[in-house]
Every structure is written in structure tokens, then in C-alpha cells.
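Okay, so chain A shows up in both of these, paired with chain B first and chain C after.
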Partner chain A sequence: MKRSPVIWVLIIGGIAITLALPLILRDKQYWLFVATQAYFWAILASSWALLAGYAGQFSFAHIALMAIAAYFSGIVGRDLGWSPLSGIIIGTLVAGLVGLIIGLLCLRLRKTYLALFTIAFAEIVRLAINAELDFTGGPMGLYLEPLIQTTSYVPYYYLILGLLLGSLAFMYALANSRFGLFFRSIREDEEAAAAMGVNVVRYKIMAFVVTAMIAGLAGAVDHHFIGFIAPSELIIGRMSLVIAMAVIGGIESLIGATLGAIFIHFSLEWLQQIPIPAALMPRIVEFKPALENLGFALTERAIQTNAWRMVGFGILLMVTLRFWQNGLIYPIIQRLTRQEAQAETVAKRQPAPVEETAAQERSEE
Partner chain B sequence: MNLEVRDVVKNFGGLQALNHVSLSIDKPEIVGLIGPNGAGKTTLTNIIDGVYKPTEGEVWLNNERVDKMPPYQIARRGLGRTFQVTRAFRRMTVMENMLVPALALHPGANRREVEQKAYEVLEFLTVEHLANELGRGLSGGQQKLLELGRLLMLDPQFIILDEPFAGVHPKLQEAIYSYINKAHSDGKAIILISHDMDSIFTLSERLVVLHFGAVIADGDPAKVKDDSAVIEAYLGKDEEEDEDA
Partner chain C sequence: MVDITGQYMLNLLLNGLLIGVIYALMALGLTLIFSVLGIVSFAHGEFYMIGGYVVYFVLQRFTNLHPYFAVLIAGLVTFVIGFIAERLLLQPLAKGEIERPAEYAILITFGLAFFLQFLMIAIVGPFPKKAARFFDLPEISTDILVTTATTLRIFEVPLSGNRLIAAVTAAILISATIFFMAKTWLGRGLQAVSQDRQAAAVVGINPLKMNTLAFSLGTMLAGMSGAVLVAVFSWVPWVGVPASGKSFIVIVLGGMGSMPGAVLGGLILGVVESLGAGLIPDPGRALAYKDAIGLLIFALVLLIKPTGLFGRDL
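What follows is the complex of A and B.
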């Protein structure tokens, strides 16, 4: 597939903006922090898209694997005095190992059962962490040593951005190699793939292990930045958020899921409160009791929508699933990239023998 | 080359789908496999291809026992099949469908060369104009051709075709005929399962008849046709066993 110049402009422009962001946000450190976390979520959403969108393994264990790596790294640091770097490495390997075990246990499970199995797994991990006070800190959480000794967000910004770009490059190469082809053939029809010589077991497990390690690496690094992890991060709602990011971005597209995650993470921050122009404020104040009854708090210059923003995203997720199964962002990317590829296809076409072509029209994908 | 099914029994719970079936193919020939619905044709296919494990008996492929191997290993050892209900990879393009078996078999192959070969195969099957269409965009007949195309990319010695003509437009049927003839002249052995007796008798050099999970006839089609047991199985008394195993 050839890319049109437009997409290159967008890619280079996008990278330039992300690289320059610490300068642009010099006086808004909070938003730099938000951006760093957006990249963290983007790593989770894109690696989940590889597992679920490409390989068809609809797992709910992704956040749990991320947290396992972070906890492991924190615990070996606290109890064994390991450096954060070696903690991150061992945490990532442990996440991969747990991914391997889940993959093996789920080999024969069809989609629905895989989802139920991994939901149960994630809940067990959360409850176990919650219950084990001495080891994990229980509900009080666990403190992690900083990876970089600094008070600035900037080094972490570049670190996690680098992690995102690195994992995207790796996953992109994987998805476009023969492995990606095998992943998708397994997603479409395991039995037919096996009949074509594809080692279904190996590639399913490969998908689980690779994505578990990416999630684990991101989780360990990010929590050495945040400095703290608690079992409340493992609630099913956080996993749903990863899924929503990937689905709204485009579950079969790494870049779609990445942009979906960044878009949603920023939106969630923005939507904590909606700023109101001063002129409108007196009129809004009239409705103050009604708004407060609904759960919106009113400040001097804004409406607090904290409690309601997730409802909005829930609805957006449902609408996306119902009407745009390829997501909202991926189709736009495709529009920009496919023009040339389509021209090429048309040129290759020779006068076709007349036959009952059911649907020549190429809809999505 | 040889493919040997040795005394295979397959039980599903209390149901005996195959009852001591033996079958041996050791030269490039077209073997028609027929029998009433529920006779065990598809079960036998699934045993040979490794999807099912036999309850008793063995399957040998080129002097290697394969009945304990997973399907992908049997495929890599030279056995390819199509499915009764077509199983194109629906959300992948026709070209990507074609690449899967080729790259599964030859991981180090040059992608461009493989694509070139796939394009030639699609040309042979008269569907090269569909190379960039998604599997789900094809008609039923075109999907059957795509399955044959994938088989050509896998390039197995033994080919099992399960109902290749069912629901196929006459024009595409010709392409399937020429596919079978070409595979045959290329030295492949073909097991052809079909309810279309015209095609079976036109193409087959040997006919095997399954009935209630047992082989009741095996030999020259002209002779098998007049075999009294076969006539009874098809036209005789038990009309009520119309269930698929």
C-alpha cells in the first residue's frame, strides 16, 4: 500500500508537535502530565488492538497484566532493593509469562468464553492484590521509586513518548509481516488457517505474550513515574476504557487505537469541567439547584461534569459499535491513505468475465 | 506418494460415524467419494486432515503416521482440503488469503515473488480482477475458487475437495473442472466428494462408496455403479437416514 503525500505531512507534523510539546506547554505542566498519561494509555490501547483487533483474542486481562508488571517492579525494588530499571525488566518478563499462561489456558476457548475467562482473571488479580496487605500494600497501594531523579515532567514525557513510538514501530512491523497475516487468518477462521498450514497455537500464544509484555513494560515504566499504584486501577472500568479507546479509534488499526486513546484521554481531562463565558454565567446560575441535583457542581467560571463524562463516552462507545465498527478515526486515516492504492487496483483490473459478483463495492477495512 | 487410512473407527458418543474404514491411495488419481447424507464422508475428511482424532485405527501419509498430528502439520506434509461450507478469510483481501498458505509453508519466501505467483494462480482461476477485494465481498462461487487458489498456493500432493460444485454458477464450474484436471495432470491425487453424480462420473477414475460409516464399494466407477450394494444404498429401502454426521 502506497501512502499519499497528505499522510506523510500529517505523520511528520504530528511527530513534530509531540516533540515540541514540552516547549509549547512550558507554563502548563499539568497538561504535559496529561499528555504523558495519554501516551501511556495509547500504548495499552494499541497493544490491545493488536491482540483483539488483529489476532481476534478479545481479552479483558490487559490492565491486569500491566498492573502485574508494575507491582512486581515495585515489590522487587522495595523488598530486594533492585533498581527501578531491573524491576521494569523483570516486571515486563513476568507479564509476558502470565500472558503465556493465559494464552495456553485459553487456547480452546471461543470468543465469549475467552472474554469471561479474562474478566475473571483480572478480578482475581485485583482482589488478591487488595487482600495481600504485607506484600502489595493492599488497598493502601504501593509506592515505587522514581526511574529518573527529577522534578520535571519533561524527561518522563520523552521517555513515554519514546516507548509509545518504539512499541508502535515494533507492532507495525509485526502486523505487516507474515505474523500479522497469520494473526488475522486465525481471527477469521482458526480451522481454515490450520488447514493452510498455520500453526494456530504458536501464533495465538505469540500474540498474548507480545502484547502482555508491551502492556507490562508501559505499566512498569509509567508507575515508576507516577510513583504509586493501587488495586483501584484494576477495576473493570479501566479495562473498558482501554477497549473504548481502541474501538472508537479503530480496533483493527494500531494508529487508530493510538489516536483514539490520546483523543479520549484528553477529552476526559477537558470534560472534567466545561468553562462558561462570564456573560452566560448569570443565566446558568438560575439553574444551579437543578444542575446540582443532577450531579453537576457549579464553580465561578465552569460547570463540573466529572461524574457525567464517562456516561458520554459510554454512549459514544455504544454508538460507534452499532454504526461504525471500524471506529471513528481509522476510516479517516484510510481515506487519506487509500486514494493511491485504489488507483493502483483499478489499473490492474482487466475486463472481468461476467459473473455474479455479489459485492464489488469495497466498503470498509 | 501414499495416503493410507487403516481400519479407522470414529465414535461420537454412542454414534459410530466410521466403522473400520480403510482406504489407500498411492498414485495420482481422482478418487470420487460418495455416499448418502450421514454416511461419514466429511468425518473421514476430518480424520485424514487431523481435525478429528480416530477412536481406533491409523492414518499414514508418505510413510509417516499422521493421525496424532495437529492439522497444520498434516497440511505442511502435503495434504490440502477445501470445506463443504466455504471458509475464505472474510475480512482479508483475496491476495492476503492467498499469501497465508504460501508464507506458512515457506516462511523465508520473498513476498513479491509469492504475490506474483498468487496473481498467476488467480489468473488461472479467472478471478485475478478480485485480488484486492475482501473475502466477504465475493460470491459463493468465487469463494470456492478462492479456496482452490489457496490450495494451489499450499501445493499439496493430496487434495480433498468437499462439494466443490455445490451452489456454483456453471461458468465458475468450468474453472473448477479445469482446476481438477490441471492438478491431476500435475501429479496430484484428488479425493472428490460430491453429490453431483454427473461430475463424479465424468472426473473420477476410482469410486469409493461409504454407507453407514463403512466402505461398501471401491473400484472402477463403471463397475461400482452396477454394484448391488451401492444401488441398494442409494435407491434401496433405508431412505430415512438423512442426517449428517
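What follows is the complex of A and C.
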């Protein structure tokens, strides 16, 4: 497939910027932290996109699997004195094991039932973590040893960026191999896939295990960086956020979901406190009581949007689903990458009456 | 360690039944939506939450209003929101304009839940609110039944008056719903569409309109179950999350789309939860795992008999 030069400029530019970001943000350590977390969310969103968008398994247990790995790693570190690295490895394996169990249990369950089951599973995990104070620290949370002894964000930035790129490369290879085709065939029609000789059981479980391990690895590493995890991270709202990221980015595209997650994470951080030019401030202060009634807050130089930013993303999520089921970012990437390939195929293709009749049939239904 | 006596068991049983009635009311709405639209609404708990807030704010504003009026207003508000949501988001699904219907249904109702939840956080804030008691119980004193304004003792078993009022109100609403479904033209129309869309269309029922009606009625029932409970529990914008979990459990247990299943499933869940939590020796754990008991039932039903008690074949 020929790629237009634009895309190469974007790819190289993007990589250059991400690599140089610690230099660019030298005086803005906070934003470097935000970027690190954006990559963490990007791993979650893209691995969820592989599971849901490619393999068609709408699991809501992704955050729970991520947290299981982080908790496991933290607990073996605290109680058995294991190093963070071995904790991360064991945590990832445990997440994969739990993913395997979910995959096995859910073999018979279709779409809606799977969603219901995994929501229930995630809730049980959250309740259990809350209740088992001796192991998990309960609602007070659990402290984790730092993976790298440093006070700077820079090493972690490159570590999690590397994790993101590595998992993307792995998932991309997987999605573009035979396995990716099997995943998609299961999504489209399980019976038909089975009839064509796809080992549905094996590939469904494989999708669960692989994505669970990626989520677990990211979760364990990121929480050794943050140093703390609490059951409040397992609330369903965080899962909604992963879904919103994948859907807005493009649920059937790993890179779409990745960019969606980075975009949403940065926007959410930025929208928390929208800076306002000093010239405009007096005008806005006039509306202070009204704004505060609505739940906004005004500071010296900024307006805090609190929950309203999430409301905005809720609307964006619904509008995207309703009108752009392929997401907002993925179609742009497609345009940039496939323009010439598309032109070629269109030129080769003769007017196709078959498609027209198919479309007519569909509209008659 | 609690003493397990007959009276203690009776107490658990009755308390379980009281809460079970509310579960039943809420699940009735969800099962109605499933039976007609063929989808599970992941936003069901959010309508429950909105219903509760409507009652809270109406009663705060109009202190002399009878609480039942507030419950009706809550029903009306959630009906209208459900109506709008169905028209904007779910109608294209029914018309076959959506490429992947099952995925779309899951994600769009999930998105709706996300939106409504944060909208309420933005509007009312995250701090818990609780409505005042709807009304006092009449004072009775006989051998088997003793009541004060807030509590009731039957055969020496104490029950919370608040919960009793909520359960009785919910029972009235359940009866009204069953009557509506069985005896009115619209109710029969809904049943017809749920059994066979095309046959219903042939005899002159518009399935699309019935979809809208079913969704709005379903959300109204969720709203009203929140409305009767706002005087019992303290209310936060995410109060709907566990509540929708309960209604998922109930409809899976009772059989998706089955109304008797929803009522029976609700009562079973209420009792099992209450007994389960009461019989766990460590009270701290019992409270934490109360919700997990229901989820465990849910997982077992899904794995062993996904059609539930009264479900049709999948």
C-alpha cells in the first residue's frame, strides 16, 4: 500500500515531539506527568480497542484487570519483600490468568450478557478490595515501592512511552497477522467463523489473555510510578473513560484509540482550569454568582469546570457513537494514509450493480 | 457474633422482602425495555438516581406537597427524559440505520449513563442528600403489631417505617404496571410487540412508537423506584450504579423480558442478600460483601442457566 508523504511527516514529527517532550516541558513538570498518564490511558484504551473493536468482546473488566495486577505487585512487594520488577511480572501474569478465567467463563456469553457479566466481575473485585483490609489496605489504599529510584519524571516518561510503543507494535503485529483476521471473523459472526474452521474458543480466550496482560503490565508499572492505588480507581466511571477514549478515537483502530486517549486525557487536564486572559477576566467576574451556581469555580486567572468537562465528553461520546461509529480520529488517519490507495482501488473498480441492489435490499428492510 | 434465632431470621427475611419489592419495581422497567426493544439499558440506574433527586428537590421547594405527588412528578420527569433519549439515540437502532446494533446498544446506553451521571454531579454536586420521611405511620398498639411514627414491630420483629412506606408504595406501582400491561390497549400493544414485531405491525400497532413508549415507561419505573427510596438512603449522583447492578441481576435471574420473573427475581434477590449479609459472622465484611452476594448469584445464573427462571430462549 502506498502511503502519502503527509503521513510520514506526521509520524516522524509525532515521534520527534514525543521523544523531545521532556526537553520542551522542562519547566512544566506537571504537564510531563500528565503526558505520562496520557500514555498509560492510551495503553488501556488501545488494548481495550483490540478486545472490543477487533475481537468484538465488550468486556468492562479492563480496569479491574489493570488494578488486579497493580495490587498484586504491591502486595507481594509489601508482604514478601519482592522487588518491584518481579512484582510487575507476577502481577502481569496474574492479570493474564484472570483474563483467561474470564475468557473461559464467557465463552457461552454473547455481547450484552458478556457486558453484564464483566461489569458484575469488576464490581466484585472492587468490593473485595474494599473489604479485605488486611491484604489490600481497603479504602485507604495501598502504597507501592517506586520502580526507579528517582525524583524526576523523565525516566518514567520514557519507560511508559516505551511501554506504549512496545504494546502498540505487538498489538499491531497481532492485529495484522492471521490472528487479527480470526479476531475480526469472530466479531462479525461467531458461527460462520467456526464453520469456516476458525478455532473460536482459542482466539476468543487469546484476545482476553493478551489484552488482560497488556492492561495488567501497564497498571503495575504505572502504579509503581504513582506509588499508590486505591479501590476508588476501580469505579465504573474510569471504565467509561477508557471506553470513551477508544470510541472517540476509533474503536476499530489501535492508533485511533491511542490518539483518542492522549487527546482526551490532555483535554481533561486542560479543561480542569481553563486559563483566561487578564483582559477578559473582569467581564467574566460579573457572572461569578451565576457560574458558581452552575458548579463552575473562578480563580484569579482561570475558570474551573469541575464535572462539566465530563458532561461535555459524555455528549461527545454519544454524538460520536450516533453519527461517526468509526470514531473521530480514525477517519482522519484513514484519509491521510489511504488516499492514494483508495484512488487506485476506485479507478480499478467498475461500476458495481451488485452493491446497489444490496443497498436497496437493505433500505427495503 | 450474632445469635441466630428464629426472630432474627424473620427480621432478615422481612427486611429482605421490603427491599426486594423496590428491586422488583426497578427491574420491571428494565425487563419491559428489554422485552420490547431487545436491549439492556445500561443507563437504568441513572434514571433511578434522577427520580430520587426530583423528589428531593420538589419536596424541598414545596414543603406542603404530598410526597406521592412528588413521586408522580419524578415519574413524569424520567418519562420525558427517557422519551427524548429513545427518540434521539435508540430510534435509529430500531429503524436499522446502525451497522452493529448489539455493540451500539451497549455503548450508547453506557454513554448516556456517563452523561447523566456527570450532569447530575455538575448540577447538584457530589454531597449526599436525603429527603425527609414521607409521612408518619399511624400509631397502633395491639398484641402482635406495635407502631410508632418511625418504626413498626410485628411479632416483636422491628421494621423501619421508612422502608415499609417505600415498599408499600412500590407494591402499589408494581400492581398499577401489571394492570396497565394486562388490561389497557397500550399495555397489550407493548406485549404484542414484544412477542412478534411484524405480527404486531400487521394488526396496526406501530412498533417504533411502542419502542418509545416501552423505553419511557421503563425509565419512569426506574425513576419512581428512586423516588420512593430517596427518603430511605442518602442520595449521591452515583447512587444509580449499584442500583442498576441489582436490576441486571434481577432480570437475568428472572429471565430477560419476563415481568413475573422480574417481580419474583426482585424478591428473591432482596431476601438472599439480606439473609446472606445477616449470616456472615463478621459484620464489617458482611456489609462490604452484601452486594457481592447478588453478583455471585448473577454470575452463577449466567453460567448455568442464562435464560433465568422464566426466560425465553436466547
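Assume the second predicted complex is superposed on the first by the 341 of 365 C-alpha atoms of A that agree within 3 Å, B and C clash if a C-alpha of one lies under 4 Å from a C-alpha of the other, contacts with A are read in each partner's own complex, and residues count from 1 in each chain.
The criterion applied here is as follows: a contact is a pair of C-beta atoms (placed from the backbone, for glycine too) under 8 Å apart; a residue touches a chain by one contact, two chains touch by 3 or more.
Predicted, not measured: the structure shown is a model, and the values here were computed from it.
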| item | value |
| --- | --- |
| First, second, both or neither for A:245, with chain B first and chain C second | neither |
| Which superposed partner A:131 touches (first chain B, second chain C, both, neither) | second |
| Chain B versus chain C as contact partner of A:159, first or second or both or neither | neither |
| Per-residue touch tally on chain A - higher for chain B or for chain C | C |
| Partner chain(s) touched by A:115 [first = chain B, second = chain C, both, neither] | second |
| Partner chain(s) touched by A:105 [first = chain B, second = chain C, both, neither] | second |
| Touched partner set for A:329, first chain B, second chain C, both or neither | neither |
| Touching partner for A:210 - first (chain B), second (chain C), both, neither | neither |
| Chain B versus chain C as contact partner of A:315, first or second or both or neither | second |
| Set intersection of chain A contacts, chain C complex versus chain B complex | 362, 365 |
| Residues of chain A defined as touching chain B within the complex | 178, 181-182, 184-185, 187-189, 191-201, 252, 345, 348-350, 352-353, 355-363, 365 |
| Footprint of chain A on chain B - complex, ascending | 49-51, 70-72, 75-76, 80-81, 83, 87-92, 96, 99-101, 103-105, 107, 126, 128-142, 150, 154, 169, 171-172 |
| Interface residues, chain C side, partner chain A - complex | 39-40, 42, 88-89, 92, 96, 98-100, 102-108, 110-119, 121-123, 125, 238, 241-242, 245, 248-249, 252, 284-285, 288-289, 291-292, 295-296, 298-299, 302-303, 306, 314 |
| Contacting residues of chain A [partner chain C, same complex] | 52, 56, 58, 105, 108-113, 115-117, 119-121, 123-124, 127-128, 130-131, 235-237, 240, 243-244, 247, 294-295, 306-308, 310-311, 313-315, 317-318, 321-322, 325, 362, 365 |
